[in-house]
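Okay, handing you the structure first.
Letters A, B, C and D mark the chains in the order given here, with residues in each chain numbered from 1 onward.
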């Protein structure tokens, strides 16, 4: 059962490694089936190269295991929280990719310096606040989702407009219309982070692109009036 | 029909990925056939690994599709503008390669710091001005070609002398005597950008090479008196 | 004889290259068999791609060769010293991996800036003092072990809490519950070093994570109450 | 004829690409046969992946072609000059590898910051002066050899002690006891350049290792009293 969902999730997780987004087992991808109200997610601790569709863990929206012999990724509660609060998204990718995580560890957001950024993210990629001691001690993974939701609420950002975030002192989460789409946003985020890192070192005078260029690039690829 | 042109363009586009110049589908190569007055260009959205000669879109100099079932790259109008204004060039490559794009996003040109640069580019690789809001809103891709032509006119540079440019807040375009030659210039530009980036971080005292060394390296490989 | 030990050590040494932790032959992994009181270690000068279990050198705790036709790695005495002083460890990896060695050459420790660090290292990865001239001239490799032990004693760190160190002007050593575990810590150390390097360049305001987050991440993966 | 020499040179040139030391065709390796007084060198313009022993060009010490249908590398005169002035060397590698060339373009030498450096280079890797206009205009390649020899004479360095150099505004040359040995020194130089680059960015307080540590590492691997 759930064969297509398991295959989508397995394929996207294996692409984490192919695209050099993960070291050891530091990353996971999930996808939600909106008809069946179940989520497929990577099991904990399995190397990507050995991962097969039958390893994917199927859980319901409360996180109870419906199908699968392995433990789900320890980040499951973060995924569940985001699927609940961001009903338009259908896939989530979490990595510790080098450049995006470097920004997360520096506590700074990634401004849109060029059209590469604008093709995927409709503005700065935000950074969450740090979690409080209590938020770390109790329901840590769920609270990781909470600070993500909080920054999107505070800044009044729609999750489909900026499909990614940096969790302070932790790393990036991205999402999208499917497991694969969230993975492609993780690839884009890492590359954008690398180029913004380089631009910051090259010059202190760089500036974000203006709204017109941001509109041009983001809206032709995304949203209601997308032309491709 | 157009088999050789399609093969040249397909091969060069596939080399974008082999040479790590592209992420996802962020890049395209075209070639012009001066006898038939047609251009072959990558279709939009096809992964490089799946690209075959029969996918290449053939258009005339007005951009009308002559042959092919797929949509041409969204950057087609930029290619057409450059083939029109730079009649000596026969191939064009556009990428968002990491270091060249980092310079483009910082708004600074790439000075010739060594013989690696001089073997391919006869002086600084220029950066265009930013496009105005109107230029972004109307005929954006064509205006991207226009600001490239403008900087070469303003600085009185022949396109065969410096076969590449950085479009401000966007990324690099390179060209050459064929699709493959433009691709090799894209490879050279990315590597030159990386080494100039490093040199800028190492020291504030670096300086551009002088005209004699620039002549020695560029002219022995390029131009009328090239010895190899 | 010693087939499993030799296989463990051979496999882990080959993974040095697969994981891009070594250039030429600059790295070695060993493992101790606590029942037989013998250590398996990489022979000197063999390329990783040609290494086989039968090449692994077996020595006793005094460093005398028990089995094997080749010379052990010149770093053997450092390994022996560490197995003697840190009785809880069972595998050791030494590399000259790029970013970790860059920190070693700069003489600075690696602070815990994020959860990636905390998943593997329960605090800053320390840097040893430089060796004195006498320590270099006589029993150099053994004294390399000595300055490692010294910094762990001085800072009152348990080796299982921070399974790695930077030897000043030299490079990293990591350890773990097996050859493979020490190798995984070497992979984690290199990636953590890269991200800390980037964070330092991005901002002067970065700060180490607090004890609560360090506890959360380290203790759920390591120690008596580990949940996975 | 010259089969072993051709094979040695072909193999070492192919390793340039395998070890990511070259972009396009920017690099070449040669070896001298001291009995026959001939040199084998890479032909100009052949991709490394297609190179075979029969492509290697054999020249005498005056640079006259003895065997081979192709043109020798344009850097031949530099190789000849070095074999003439440095009679102890038997192989030469020239690359434009990224980090070493970045130092060459910055005009600064590479100080010995750690044992990785000391295992291969017995002190700072020197940088030549820039060539004068006349030296560029006439006998450029030979004069490139001349400024290398000049800096070794001026600093009183034996070529076997520091088997590499940075040519100002150009890139690195390394040498050794064979084509393969010169290639391994090129690999070591690039990695040492990368780590020194990183260390310079991490801290302004780094310092070169002292003579005792330099002696310990260099002399145990090289010279009359080498122990391995």
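The rule is short, and it goes like this: a contact is a pair of C-beta atoms (placed from the backbone, for glycine too) under 8 Å apart; a residue touches a chain by one contact, two chains touch by 3 or more.
For reference, the UniProt names are A, B, C, D = L-ribulose-5-phosphate 4-epimerase.
Note that this is a predicted model, so its numbers are computed, not measured.
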By label order, what chains touch chain B and chain D together? none
Using just the Cα atoms, superpose chain A onto chain D and tell me the rotation angle to the nearest 5°. 180
Would you mind working out whether chain A and chain B touch using mostly the same residue numbers, over half shared, or mostly different ones? different
What is the distance, in whole Å, between the centres of chain B and chain C, each centre taken as the mean of its C-alpha atoms? 46
For chain C paired with chain D, centre-to-centre distance based on mean C-alpha positions, whole Å: 32
Enumerate the residues of chain A that touch no fewer than two other chains. 201
Can you give me every chain pair that touches, using the contact definition above? A-B, A-C, B-D, C-D
So in the complex, the part of chain A that touches chain C is made up of which residues? 23-24, 26, 44-45, 71, 74, 96, 98-99, 101-108, 131, 133, 136-137, 140, 169-171, 197, 200-201
Chain B partner, complex, touching residues on chain A are 113-116, 119, 184, 187-188, 191, 194-196, 198-199, 201-203, 205-206, 209-210, 212-213, 216, 220, 228
